[in-house]
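Handing you this structure, nothing more for now.
Chain naming follows the written order as A, B, C, D, E and F, and within any one chain the residues start at number 1.
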Amino acid sequence: MPLLDAVIEPIVRAALLEDVGRGADVSAALLPQNAPFKGLIRARKAGTVAGLQPARIAFRIVDQDLQFTPLADDGARVESGAPLARIEGRAASVVTAERTALNFLTLLSGCATLTARYVTAVAGTKARIAATRKTLPGLRALQKEAVQLGGGWPHRFGLDDAILVKDNHIAAAGSVSAALAQAQAVAGHMRVIEVEVDSLAQLEEALDHKPQIVLLDNFSLTDLQAAVTLTAGRALLEASGGVTLETVRAIAETGVDVISVGALTHSAPALDIGLDVA
Amino acid sequence: MPLLDAVIEPIVRAALLEDVGRGADVSAALLPQNAPFKGLIRARKAGTVAGLQPARIAFRIVDQDLQFTPLADDGARVESGAPLARIEGRAASVVTAERTALNFLTLLSGCATLTARYVTAVAGTKARIAATRKTLPGLRALQKEAVQLGGGWPHRFGLDDAILVKDNHIAAAGSVSAALAQAQAVAGHMRVIEVEVDSLAQLEEALDHKPQIVLLDNFSLTDLQAAVTLTAGRALLEASGGVTLETVRAIAETGVDVISVGALTHSAPALDIGLDVA
Amino acid sequence: MPLLDAVIEPIVRAALLEDVGRGADVSAALLPQNAPFKGLIRARKAGTVAGLQPARIAFRIVDQDLQFTPLADDGARVESGAPLARIEGRAASVVTAERTALNFLTLLSGCATLTARYVTAVAGTKARIAATRKTLPGLRALQKEAVQLGGGWPHRFGLDDAILVKDNHIAAAGSVSAALAQAQAVAGHMRVIEVEVDSLAQLEEALDHKPQIVLLDNFSLTDLQAAVTLTAGRALLEASGGVTLETVRAIAETGVDVISVGALTHSAPALDIGLDVA
Amino acid sequence: MPLLDAVIEPIVRAALLEDVGRGADVSAALLPQNAPFKGLIRARKAGTVAGLQPARIAFRIVDQDLQFTPLADDGARVESGAPLARIEGRAASVVTAERTALNFLTLLSGCATLTARYVTAVAGTKARIAATRKTLPGLRALQKEAVQLGGGWPHRFGLDDAILVKDNHIAAAGSVSAALAQAQAVAGHMRVIEVEVDSLAQLEEALDHKPQIVLLDNFSLTDLQAAVTLTAGRALLEASGGVTLETVRAIAETGVDVISVGALTHSAPALDIGLDVA
Amino acid sequence: MPLLDAVIEPIVRAALLEDVGRGADVSAALLPQNAPFKGLIRARKAGTVAGLQPARIAFRIVDQDLQFTPLADDGARVESGAPLARIEGRAASVVTAERTALNFLTLLSGCATLTARYVTAVAGTKARIAATRKTLPGLRALQKEAVQLGGGWPHRFGLDDAILVKDNHIAAAGSVSAALAQAQAVAGHMRVIEVEVDSLAQLEEALDHKPQIVLLDNFSLTDLQAAVTLTAGRALLEASGGVTLETVRAIAETGVDVISVGALTHSAPALDIGLDVA
Amino acid sequence: MPLLDAVIEPIVRAALLEDVGRGADVSAALLPQNAPFKGLIRARKAGTVAGLQPARIAFRIVDQDLQFTPLADDGARVESGAPLARIEGRAASVVTAERTALNFLTLLSGCATLTARYVTAVAGTKARIAATRKTLPGLRALQKEAVQLGGGWPHRFGLDDAILVKDNHIAAAGSVSAALAQAQAVAGHMRVIEVEVDSLAQLEEALDHKPQIVLLDNFSLTDLQAAVTLTAGRALLEASGGVTLETVRAIAETGVDVISVGALTHSAPALDIGLDVA
């Protein structure tokens, strides 16, 4: 389910304009007018590709006559050196769009690559890796897509498309039961309700109200296992809190359904990708 | 030189709207109407603070009556647990703005913190740490500011405010000399010219044309040292390429003036910062 | 769960600017500079109130010093003549904002009023009245909110926040089963899946895959009843297609859970509301 | 005089984005990549067509390769079942744009259809049917155009392009004469002046100042006739206030020049129009 | 009839952002944090004031706490040295907004001043000086307002609010009569129709159709006088084409009603205005 | 270094929309549907061409099928009557875009033409003519480009891309030395520093700190000459203040490097340019 170009274009345009500033790439004036360019965008490290869509749009905004030919699919795992796309056209246009295009590619491939490492780490278990709302400002749709390209799940997109009943809501309502009842009253029939619990006792209380999902916040491995046993399939279980590549496998093996990882979108290092003459 | 609120506000507003989506924080309906909230934003790891300005703006956009009181300065180094700001006002407003505000704080404090680590690593040398154009799409002004708060230099902001003569310009012009002459012809009197060289021979040719700055691209330590000696103060020297926290000190000790590090803005892990009732 | 002002303001601003055009309310020049105004916004027919938020914002955009005091709550049922809000301030400002504010109020109160009539018509059954995506361009969030104020449910907001598997998806996938399996593979854990069926046979096939909701498209009353019996609570059932105030009660009495009505948002007549000196 | 695409496009884009939300039509993922689609947009009730321009733009924004071929003209009266346009292209693109395109068509054809009914009702008299400023927020230009396509007149577009001297202006100025004199002083030579009167006495006073148009507000049929006689062609006369399809003919037969009807733009029911595979 | 702040603000904001660029006024960092400033905006030449509204808005966007006190009215004729406004507040804010505010003031006061010179030149005749559509891109509303402040008329605002039947329309329609008939058919009752003629014969033909205004394009003084005699008050007459301060009086004395002058908005020199510490 | 279309297009679009207003060029309805047009844009006075880029974009926004063929280069000096571009396509589209396109051309060619006159006036000296920040709101990038096309230098673009240390900064810092030291501390390595002085004594103090440029504000010719002698090439010298076409040659002959002229962008009269059938 690729994003609509019409949604992505304003984001790419804003990024391009912050690079171009008052309107002219001064150093492009050093290139002969209409000098041609042929080049390849290549991964310089192994990883999972994401961001070809905004990269394509960046080149198109600068110059509709540039030819951008993808040589890999978004979501593909590639080796270091793999070509991701071919660019042909006016050299001055290419150098103007280059940095913006690469900044999207390196960021989003970084997210996809880190996600894929988590997904690999839990292979063979039923656990799915999911993103959170801890995303880079202005880039959530693209990052959630990158997580999916890496094999993860996007989780809710924001404050409006699903309900997560958290500790402060429970405190305000007086109990897990009261909070869940209220959530069910306002949710309508098209929003999923998830409730966050911090103990097995709260989990038990929550399950009585048939939430679709329960978030187990910072549970120990032992408690996660107990939660899985207690729940017995009555709701999806999501583990969350301080998950790392070192700890994720053990968490997955407790039998939880979903493991959410903030680092996928707030701390994924960029994947090194560059453009070379070719 | 703090950024103008008028420049930052559209970025914060866009981030907030991608979290709020079609207009309502559904779970805020679980909080009693007008319930009050008092809380503290705290660092959960030691680091350098950045992002209080967009955080303040996020709370203000949601609710003009929220009181946001900074308890630390942007640029301050703080310990784990240090309070960064106090928030008071309607609980429903606070939870609506919270994630957006924190996403700015954790990202930008992450940049500032990584920059400060590089700056510390070169302490006692004359080398300055600088950012590059490898920034997160849409967030360049804020990230460049965060680098400055961490003790670094912003470098040029984009394609229009300074000229960096690169390998492809030199190839197109035929020689370093020709490219520099052309750059000086188009630069006007208010733009700095920097030229990228990849050998001591190119450096020598460049120095004849009195560029303000020379970028030494992927030079070995030995060549960096030779470049410093050869240049003898006739231009600023910038080292660039694959710089890490492990290698930066040795590079600085060669006597270069500036060391630019892409990772400051494309791969800085988020600094853990949270909002607690208090 | 009121909408965030920051979401609504651009919509109100655009509406105001299409009324003001090139920037001046020429006829406001006929009023003495700074002449004061006191008036009441009143319902001129009985109905359910919606739209006080955009009305308030319209007056505020024109003149921050205007005092807009709501005298009724959004969602309240009022009689003809009931005061909805008091306006005080510069007369020239009031007449400039008046038409824009009233256009929101009459439209949205019209939606809420029609919804309330449907809700009343099914009172005592378990059926909930729901809106569709057949909304007025640019006004969906406000209209969905108005439907909720009238006692209805908003249904999904768009193409991204829930999945509705429709006839063309089923045709493309080859069967209800195949389409539902695919939907479950792409939905992630935070999106509700609804499937549209046009026969009891399709319903039966669908139920095997445990969708949260089944849309019964243009079913006869007999078939609706059969569907309720067949389903026996295994999924929510939504009736849809040509529902009118005349037919809705009988549909509700079949025992379906949700009845969706396009007319709530595409054909609700405006509620007559005006501003009078007072 | 069709609207400029550049004026309409932002409105269509905003409508599309409120449907697409965070960027992806999730259910479009259920359709085979690049599956083709051929279909017809058809009227499901008889009426007058309007909205083909925004419909065409909606499809184009989603996918420039979709072929949209109009089969009827905007303004044409069509029977139930009449084809309005043919769509060919990627199925996934068609379903993404479909609802937005139809929402414009059903709304605007609804306005044109209701207008045409009023125009037919006064056929043979000299009266012209005109719209008011009681339009749907953000949709005024399109609705005024739809009224023209239905055979009506748009009336003034907003507060800046003509002057309507109303009761509060007259009250503020002290008399009809004083208000009209002031209006003529500020109007310039390119704005029409209309004055609203609520009695024959006020009409008489107004005519002394040679306004181009006089609005007869809520006059009885007898008074309308008296006004026509009194005026004797010295100004255009516009009847306004609570006009319905039942009363409009009698009003027209009094000899007034213009009859303005708010319902054309605030309460026209949608015309049923759908897209079918073909 | 001052412009609505909501209309002007985006124009001022865009101007400010093109001055501020990537967000920081670097040199403002040279001023002590929170240093206070008191100053006066003064005319440095005699002229007619316009632009205080956008100037006020520019200071407010930068810093809501700046106090901007107008000391003259828009439209006032002032001597060299006259104070126009007082500014108090943070010095760093003042210097950031200063250039943008002054650029509006000098431009718009320049327009108003030139207009006033033309108005003075025709004093005692009945001729009114009017602007044209030859305005600076993006600044039309403000410039039309400045012309009014200088004593002129704004003329039509654009292509939609009035009809000017020009030579190419007449050529396309076949005759003045045919073109005017068509114009009257599409104008509706709220748009003024003006027709451009280039000979007395065309004028005679035009007058038969009762246009509200006739534009006499590049008529000699003799022909203007003949046109006035021929028309005998049956329409307003507008003289246009190459009007200068030297020729305008003689044109006015022919008895035409309106003289339009492109130079008011495309070639008015700026009025010198500055900000001084005081 | 032409501007990027993506930067210019929003400015052209805004200008077009302020002309088109609510969306329709009413008088275009007087032209036969699809009537063809062939015409030439011609200079009606001799001058230097600028603005062909925004003119081309204006025609393209209105109608992608219009053919706009430049017949002169931006920056070319042309005689009265010289053709600048050929337009072919739908007549209705041409007349809708015409005024907007011409308004850019006449404005920007006016700037370029005035600049070229100053450049010619100093021919044979080493002085360069430069623009200032006294530009028309919203049009700075285009005007700075026009100045370059006329042979001038753009100077700094705004408050962020270079530092100009002015009298108030010096007053705040206590001395030229203190202000310059502070500027050097905040500038980073990619911003030029210029310092404004108003006496030879200040110049001498400034030179000790090696600024790249010194602005000599309102110096007499004698003092300018003394400044050149004193400086002896240690910094670029810029003369500024009340420069006119009459005085600029003498200033240039003092030996200064740069002469900045506000009038280039705030008071350049439009160059007369029109579109004729051909």
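Going forward, a residue touches a chain if its C-beta (ideal position, glycine included) is under 8 Å from a C-beta of that chain, and two chains touch if they have at least 3 such contacts.
Not measured: the values here are computed from a predicted model.
Comparing the centres of all chains, each the average of its CA atoms, the largest separation from chain C belongs to F.
Two copies of one chain, chain B and chain C, touch each other, and the residues they use overlap weakly: the shared fraction of interface numbers falls below half.
Distance from chain D peaks, on a Cα-centroid basis, for B. In this assembly, the C-alpha centroid of chain C lies 52 Å from the C-alpha centroid of chain F. For the pair chain A and chain F, the distance between C-alpha centroids works out to 45 Å. Taking each chain's centre as the mean of its C-alpha atoms, chain A lies 32 Å from chain C.
Residue positions 1, 18, 20-26, 28-29, 96, 140-141, 157-158, 160-161, 186, 191 of chain A each touch two or more of the other chains. If the chains shown are joined wherever they touch, the resulting network links each chain directly to all the rest. Chain contact summary for the complex, chain C toward chain B: residues 1-4, 6-8, 140-141, 144-145, 157-158, 161. Across the interface of their complex, chain B is touched by residues 11-12, 14-15, 18-32, 35, 54, 91, 95-96, 99-100, 102-104, 106-107, 110, 133-141, 157-161, 163-166, 168-169, 172-173, 179, 182-183, 186-187, 191, 262-263, 266-267, 269-270, 277 of chain A.
Looking at the complex, you find that chain A touches chain C at residues 1, 128, 130, 153-157, 160-162, 186, 188-192, 194, 212-213, 236, 238, 257-258. Contacts from chain E toward chain A in the complex involve residues 18, 21-22. Put simply, chain E touches chain B in their complex at residues 13, 16-17, 20-26, 28-29, 61-62, 96.
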